[in-house]
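Following this message is one structure expressed as structure tokens.
Chains: A, B, C, D, E and F, in written order; residue numbering restarts at 1 for each.
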Amino acid sequence: MLRMKITVCREAHFNSAHRLHNPNWDEERNKTIFGKCNNPNYHGHNYDLIVKVTGDIDEETGYVMDTKVLKDLIEERVIECFDHKNLNLDTEEFKNLNPTAENIAKIIYEKLRGGIQKDLALRITLYETRRNYVEYGE
Amino acid sequence: MLRMKITVCREAHFNSAHRLHNPNWDEERNKTIFGKCNNPNYHGHNYDLIVKVTGDIDEETGYVMDTKVLKDLIEERVIECFDHKNLNLDTEEFKNLNPTAENIAKIIYEKLRGGIQKDLALRITLYETRRNYVEYGE
Amino acid sequence: MLRMKITVCREAHFNSAHRLHNPNWDEERNKTIFGKCNNPNYHGHNYDLIVKVTGDIDEETGYVMDTKVLKDLIEERVIECFDHKNLNLDTEEFKNLNPTAENIAKIIYEKLRGGIQKDLALRITLYETRRNYVEYGE
Amino acid sequence: MLRMKITVCREAHFNSAHRLHNPNWDEERNKTIFGKCNNPNYHGHNYDLIVKVTGDIDEETGYVMDTKVLKDLIEERVIECFDHKNLNLDTEEFKNLNPTAENIAKIIYEKLRGGIQKDLALRITLYETRRNYVEYGE
Amino acid sequence: MLRMKITVCREAHFNSAHRLHNPNWDEERNKTIFGKCNNPNYHGHNYDLIVKVTGDIDEETGYVMDTKVLKDLIEERVIECFDHKNLNLDTEEFKNLNPTAENIAKIIYEKLRGGIQKDLALRITLYETRRNYVEYGE
Amino acid sequence: MLRMKITVCREAHFNSAHRLHNPNWDEERNKTIFGKCNNPNYHGHNYDLIVKVTGDIDEETGYVMDTKVLKDLIEERVIECFDHKNLNLDTEEFKNLNPTAENIAKIIYEKLRGGIQKDLALRITLYETRRNYVEYGE
């Protein structure tokens, strides 16, 4: 039988304020494109994050990657930076980058990629609300 | 058989920024009590709201209260006021009231109570996160 | 310590077609009150049902009521009657009763009440959609 | 770094009646194959729909596709056609096509495909019940 | 306006092995009553626990009870004792008490009651599976 | 139009006890790697299983595969073997294989593969908890 890859998935959560805004546009264009998400006083979300790591099963442990290790990595590199923060004001990453769900997922991917073995694939799912979410990665 | 009351429940959602803060306390005491919820730049939540109305079934309609009417009332009196808003900065209700889940639930109760017939009981459930929620009302 | 009652809850599901209609009203009034729920060709729902039974814990079994017995009772008296049925056309109960969520919950209560010991309280929760549900019983 | 695609996902809901039936078969064969789903008086479901659109992030907006635009497209092309309808009787699409979850997903794909830019991939997930669902698309 | 009580609710989780068994009964009666839950080698569950505390809102904090304090209390008195344990073998509480959902809820109530102010009411909801759960308390 | 494959998905559940352990390691190494999952008296989970089958839609039935057939296959080959069992003690498959989520998913894949037509792809998703899950298959 062909040796298929297996994926382990770990869910985490953070609660942040943000606003969508492009500083190169005037106020009117920002309002037209981003609507109520452009509110200058910010609004917020409970972000649900799923991190997926794909590779081979280690024969000694039966693990692709120890999910306790993955949980701690997510905690340290993502939750501590973004939880109970204002993404636009309190983080370096979104000082000059619009914190859309797409861009947040991409930044989370980049923050985690270095902490995971190179031969493992990484994929991010980020729920902004129960009805809106994005997927990014290998 | 005894005539028992029946309850109709309607769920709605809004996304807001807030911070917990007591202006009568100094900064240190605010940090001790409210922790990271005291972040001066705000954080945010997807609030899940359940509104419960209890009364008798109307024999002609088979309804306690038309849930379309209830949905519109929630939309008009709660969602339009709080969705994509900063509760501390953008609303009258929380200018001088700490926007804890408890106080938000109480305010929502008061905003809806006048729009619902007096002989119907009203009860509010408000989820701040999947793991933290409050219940208030008759 | 005071002897408090305990409640056991069992969830079940059924999928049915229905329409809301009052035969004593003309077509226009039916449309005004029931809107798209009045569609003469029917629409349908996945109903999620929660049955709650409250009483004392039996010291020998550690049960209020065996949930396998409760599961079979729900299966036999509710699911077999309503699942994959048209409530208006295929059931006796709604030949002359408007199948609103309120009335369906009441009928389910009556169908189950006789199968459960008199000293146990019975309460029904019925979800018509994730956002609309009703509660009925002791 | 390699430029990876990103996917935005939007959930929507509709409630419909349907029956499974192949007009080229006799009644007995229909009953054998489709069981209680063949009930001539119809049954129904709350369909949960997830629409996934994959492409590059637009640098100006930070979006792959504005989810408000996606939401309106789903509303107009899917929800207005199927919600509170009898799929077999009230829609053109299923007059001569058996409304299995597979076929409904395929039709939804076709109805949406024309409204979405050609360089964006489209994928449909359709839940018929919490336990049964299908996936279709690029 | 009448001063209504408010309820704060906190969710937690633990994963345990258990078996249902009455040592005063012979093997056959245990099998008849408890079925596959009587398996001598144990089976297990992800228990979802909701703790509800009811009282007045403190005017200074806007809290009924600080949910961080409640979270730590649940962690210390329940999760550390039951998580990743065999309830029958690894805990004092169920050495001589059948670990039905009813009895587990009652024990959790008793373990938490002493850590919560006397003027606050306490209520426990315990999910053994998504479809089976119990409620206990004031 | 290109003929795309479609995937049907079916969810099922089982409740089992297990422990993680490598018999080639000493006790200390087992504790270091597997932590509280190494508890010699076992702990347990509600496993949520999603089975995905991908292929073409049969023109006569409108099905990829009859989900009733898939449901029965899962029931017979997986649920009857693992539900209310101790995976380490009561099953042949995990006598000499560590029952991590990864290995359980792989075994479920192998148990189902023979019962599904060769031209259909098979993929397994297995939730150990709401926050930890794995994916395996074609």
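Note that in this section a contact is a pair of C-beta atoms (placed from the backbone, for glycine too) under 8 Å apart; a residue touches a chain by one contact, two chains touch by 3 or more.
Because the structure is predicted, anything quoted here is derived from the model rather than measured.
Between subunit D and subunit E, the least number of touching-chain steps is 2.
Under the contact definition, subunit B and subunit C share the contacting chains E. The minimum number of touch steps separating subunit A from subunit E is 2.
Superposition of subunit C on subunit D using C-alpha atoms only gives a rotation of 180 degrees, nearest 5. One simple way to say how far apart two chains are is to compare their mean CA positions; for subunit C and subunit E this gives 28 Å.
Between the CA-based centres of subunit C and subunit F the separation comes to 33 Å, rounded to the whole angstrom. Separating the centre of subunit B from that of subunit F, both taken as means of CA atoms, is a distance of 41 Å. Of all residues in subunit B, those touching 2 or more other chains are 130, listed in ascending order.
Per the contact rule defined earlier, chains pair up in contact as A-B, A-D, A-F, B-C, B-E, C-D, C-E, D-F, E-F.
Those residues of subunit A that touch subunit D in the shared complex are 20, 22, 24-25, 33, 35, 97-103, 105-106, 130-138. Put simply, subunit B touches subunit C in their complex at residues 4, 6-12, 52, 57, 60-64, 66-68. Contacts from subunit A toward subunit B in the complex involve residues 13, 15-18, 36-37, 39, 41-46, 83-86, 89-90, 129-130.
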